[in-house]
Amino acid sequence: MIVVMKKGASPMQVEAVIERIELTGCKVHPSVGEETTILGVIGDVRAVNIAQIQLMDGVDRTMRVARPYKLASREFNPTDTLIRVSDVVIGGNKVVVMAGPCAVESREQMLETAHAVKAAGATMLRGGAFKPRSSPYSFQGLGEEGLQYLALAREETGLPFVTEVMEPQMVPLVSQYADMLQIGARNMQNFALLHAVGEAHMPVLLKRGLMSTIEEWLMSAEYILSHGNNQVILCERGIRTFETSTRNTLDISAVPVLKQLTHLPVMVDPSHATGKWDLVEPTARAGVAAGADGLVIEVHPRPEEALSDGPQSLKPERFAALMTSLPAIAAAIGRSM
Amino acid sequence: MIVVMKKGASPMQVEAVIERIELTGCKVHPSVGEETTILGVIGDVRAVNIAQIQLMDGVDRTMRVARPYKLASREFNPTDTLIRVSDVVIGGNKVVVMAGPCAVESREQMLETAHAVKAAGATMLRGGAFKPRSSPYSFQGLGEEGLQYLALAREETGLPFVTEVMEPQMVPLVSQYADMLQIGARNMQNFALLHAVGEAHMPVLLKRGLMSTIEEWLMSAEYILSHGNNQVILCERGIRTFETSTRNTLDISAVPVLKQLTHLPVMVDPSHATGKWDLVEPTARAGVAAGADGLVIEVHPRPEEALSDGPQSLKPERFAALMTSLPAIAAAIGRSM
Amino acid sequence: MIVVMKKGASPMQVEAVIERIELTGCKVHPSVGEETTILGVIGDVRAVNIAQIQLMDGVDRTMRVARPYKLASREFNPTDTLIRVSDVVIGGNKVVVMAGPCAVESREQMLETAHAVKAAGATMLRGGAFKPRSSPYSFQGLGEEGLQYLALAREETGLPFVTEVMEPQMVPLVSQYADMLQIGARNMQNFALLHAVGEAHMPVLLKRGLMSTIEEWLMSAEYILSHGNNQVILCERGIRTFETSTRNTLDISAVPVLKQLTHLPVMVDPSHATGKWDLVEPTARAGVAAGADGLVIEVHPRPEEALSDGPQSLKPERFAALMTSLPAIAAAIGRSM
Amino acid sequence: MIVVMKKGASPMQVEAVIERIELTGCKVHPSVGEETTILGVIGDVRAVNIAQIQLMDGVDRTMRVARPYKLASREFNPTDTLIRVSDVVIGGNKVVVMAGPCAVESREQMLETAHAVKAAGATMLRGGAFKPRSSPYSFQGLGEEGLQYLALAREETGLPFVTEVMEPQMVPLVSQYADMLQIGARNMQNFALLHAVGEAHMPVLLKRGLMSTIEEWLMSAEYILSHGNNQVILCERGIRTFETSTRNTLDISAVPVLKQLTHLPVMVDPSHATGKWDLVEPTARAGVAAGADGLVIEVHPRPEEALSDGPQSLKPERFAALMTSLPAIAAAIGRSM
């Protein structure tokens, strides 16, 4: 941690800051210049209340040097974390693909989609039973009935599934059915929910908030990890920017940035990122080329009848075509599919 | 609602779209040009699945004309909604001020602050007992003990208080103590929580999400209203932009925009918007000048010892000074304080 | 300047960094911790190539401590700069108002507007003769003819005027007519143009770029100042954000932030910031309440016939009404109009 | 074009709007609903002043249906435009790579880099002789001397080069040396400069502005095209967002979006987009996978000594390694390198 004193800060002010910091057991090394004095702080700076120091007389600015997360950091755990879901391994050499409808709408729709994505090579199913919708008047999901259809689809295809959980008290119910819990973008900083899934013994797919920095995202992962669950997978799904030609803006460089900062697996969701089915294919390819450990893709047998997110859903044949082009890209960077 | 057909869309494609729409009881008026055909749709377009229409062959784009919220709209309720909290009225001619610490830290801190802001003219208290913090290692609030100190402060000063509720199952507990429930920025689209406070019989202060559009914000208000609670107050608290010299960017024009779109009261929180105590005073004044119905301001007796948000907290004497400058601004636009 | 070494950086790597920095005459104070080593750099760090240091082996991060601008900084010049244009003083106690049409369209339109805004109390005229338009097919301004009408309006009303200059070679022509040169938002980082107006002996109104941070904006001011022209006025006119209900988002807190960082006057343009005439009034008031030294407001006698920016232009009677409400707000913060 | 009338607009108001529009020769089809009246406008709507209509009594909103650019649109020219520079073809099946230093610093640096990137397989050189720098105190480029070194590098390697031109009056000088003119991000809406290069007979590399929408970008291309130069190449180089872990955010989906909207070639600059050399490789691959026609990459023999943008420059050996991984990705989507 670093403290920059104001021009003209008095020696007494500098002394007061040093004293306050050293109370925590940290050591301070002052660099006294003609114009500015800089204090380098060494030790366990978590004990220092940075905001307090910033308000002391004579202090211009404070800067954190250490990252605010620990368990999620690459430094804490240099080896890539591998997450197993049935016989699927996420975070290893093999690139995985989770596919399925945005919302589970019926038994038939779920089974038809599941068989189609299985045939095309998907490694997991996805589908929403509880749907967060910005309008109270939109379809809110089938609830537990949806979970039952997902379980049936798993039984028929052998593919494990991920589904969203929206509130702490629903974690037990959803965990009973699902193989992996999804925290949606709008809940990335729902700390009560992060706490609850942190106590579940189950992999968690943590989607990035529309408005969240990579650091905040890793802090949310830290919440889950710090409550004892270290099976966290990060999923980039587009951030909000000024550009309106896509639903969101896929932050493709988040993939290699995360690979440097954390040991957790990183996936890309090109469907939510772009919001348009005809942009899913090129961005899915870009995700694999950038080094993502997997993709989450929305597939619907009849997108024009979908109750949610139809415009961004691929038809099964489109999805199959996309799947055939990915292995060559994975191979180009030394990975398999 | 409007449907724009692609150049070269066939008459059969146009016909199919019209048929599908008219199944819902809406009427379609086609405008056939040499290059483009536009379909004007009249009637209750909520019955039309826009996303489905957008995916039909020959369709270029669809555009909604009606606003997606109803109960929250000025058109639905042209008269300003007045919300009463004890003897405070929010949304009327008088500009209100809610003040207090970011977090309730102790009995003494809460009482000292409450007496100070009361003396300076505040109309309500604020203070967090349950704190959403981006780090799992930060102070998370005193919980129910904090609510008790808030209640004590109310008893001693006569000022009602607002405090945040973070999860659906805590609504009963918090409602037992508080005069108004706050939904924090990070929970603006926590739909389970919106549903829960929608069933409470209590005013709700709905803060704007950091990266939420005004329309999404009104949709969140609609969630609460549609579950039976029409005592919703909107609070602008800064949005996330590329600018880093302030914590967030106060969207001051949101105040008059909301005054056009909705009948609900609108407040401004200059503390969270700027993140710096020395910017609170000018932006608080700007809020009143722009027509806000009130302000939410963080005050702490010793900001340099605050466990949360110290840098943006005013000392009581600064708060008192601010309060003396506001009535003249309110009077300049025909309001009182 | 501060250099943070990587965990595990070798003493030789630390030494190499220190050596490279000390070649420039700066002094380095190392703070060696168990995990991290921090180097505090004191002296004239402008001589240090930060980017180079950042690429040296063992270096984790570098951080600038000093601000990158000097002449524009409050520290360099603690006294507010006053800028005189004829008998108007900008930056003093009196809040000024520049008003007029977006584009000069005709002799009649310009004169009619000029007389109207003069009667309502405006202190300067504004109007565009050369118009930057995002479409090559839009009206591009009357050119020199427009300058002549502006000069005529000045003659008839006694009000000096500001007008935009779009390219370096036009500076002489525009300077011949105008009392103040405007650099438009899209040209804020047109460095050739900044250089050219830096050599003019004339006040410059430097609008903030849609995408520019406050620091970049002050760097652009520094360009002008460093070429010898210290008559620079900053004008906040809205930044681009994700919100679409207004044309741009007025960054109201930029006003007090700039008042801390620089000695240059700061104005607010609520017309471009909001893009809608019915939002101009509340945001203009907010600008004065936040401490702006003046306002720039678009006025057109018949907005519905305007060739540019009609939707954000006030009719003269609306402008007059606005002008009557401002003095009380200015007075509330100890200023006059 | 569509006009939405306000609820309760009178028949006379509707009539007035129709009359005004029909004066331009367009035809209006009204859809009269119980609550809303929608007017569909057919014909050459460029003649209609939308802003004017928007201000008429009873009008709620107007919406453009047609795109505001024509020459740049895919509809105007369905075939991909191929641009030839010496024997390089841009926009065809072969993916091209332009590489070189951010700034030309010396004869030796330029030649060394040129030979290295040629050996690694680059198809063109890049290098800045005139540098737009946000600080007046930074290295501003060698000027014409830099152009001479670029020409020498071309002579020695046979690779044509692109270099930036910053002001209209420099177009003749730069054109004398360069094979392609670059318009930098900060000049994307420098309309005088767009006009000037529109009259040059030379390919233009038009970089996207940091905060420009895709539509605005295509409007800037339209400026160049409308002045007679149809050799325009678009280059995505990252946009400004709230995320700070990268210099900018690479908008990877802009590539397929542009492929739908325009016939012009599209390139990606991963160096400026990320600002960090170790993110260039994965994002360059993503660019090719997403369908870009080429890449622009910064290479410097000794990045730690670079006078500009060292942190984002690849060393020649890194660049060579990147080049070996790209052909397989190109091949995976049916392209060559």
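Letters A, B, C and D mark the chains as written, and numbering starts fresh at 1 in each.
Here is the rule we use: a contact is a pair of C-beta atoms (placed from the backbone, for glycine too) under 8 Å apart; a residue touches a chain by one contact, two chains touch by 3 or more.
Protein identities per chain, from UniProt: A, B, C, D = 3-deoxy-7-phosphoheptulonate synthase.
Just so it is clear, the model here is predicted, and its values are computed rather than measured.
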- Query: Which pair in A-B, B-C or B-D has the same interface as C-D, with over half of the contact pairs matching by residue number?
  - Reply: A-B
- Comparing A-D with A-C, the busier interface by C-beta pairs is A-D
- Query: Per the centroid of Cα atoms for each chain, what is the distance between subunit A and subunit D, given in Å?
  - Reply: 31
- Note on the structure: Per the C-alpha means, the centres of subunit A and subunit C lie apart by a whole-Å value of 38
- Query: Among the residues of subunit D, which ones contact at least 2 other chains?
  - Reply: 211, 240-242, 244
- Within their complex, state which residues of subunit A touch subunit B. 46, 49, 51-52, 54-56, 68-69, 132-137, 166-169, 186-187, 189-193, 210-211, 216, 219-220, 222-223, 226-227, 240, 303-311
- Query: Tell me, which parts of subunit D touch subunit A in their complex?
  - Reply: 211, 213-215, 239, 241-246, 249-257, 260, 273-274, 278-279, 281-283, 285-291, 325, 328-329, 331-333
- Message: With touch defined as at the start, can you tell me which subunit C residues reach subunit A in the complex?
- Response: 2, 4, 7, 27-36, 38-43, 61, 63, 65-66, 75, 240-242, 244
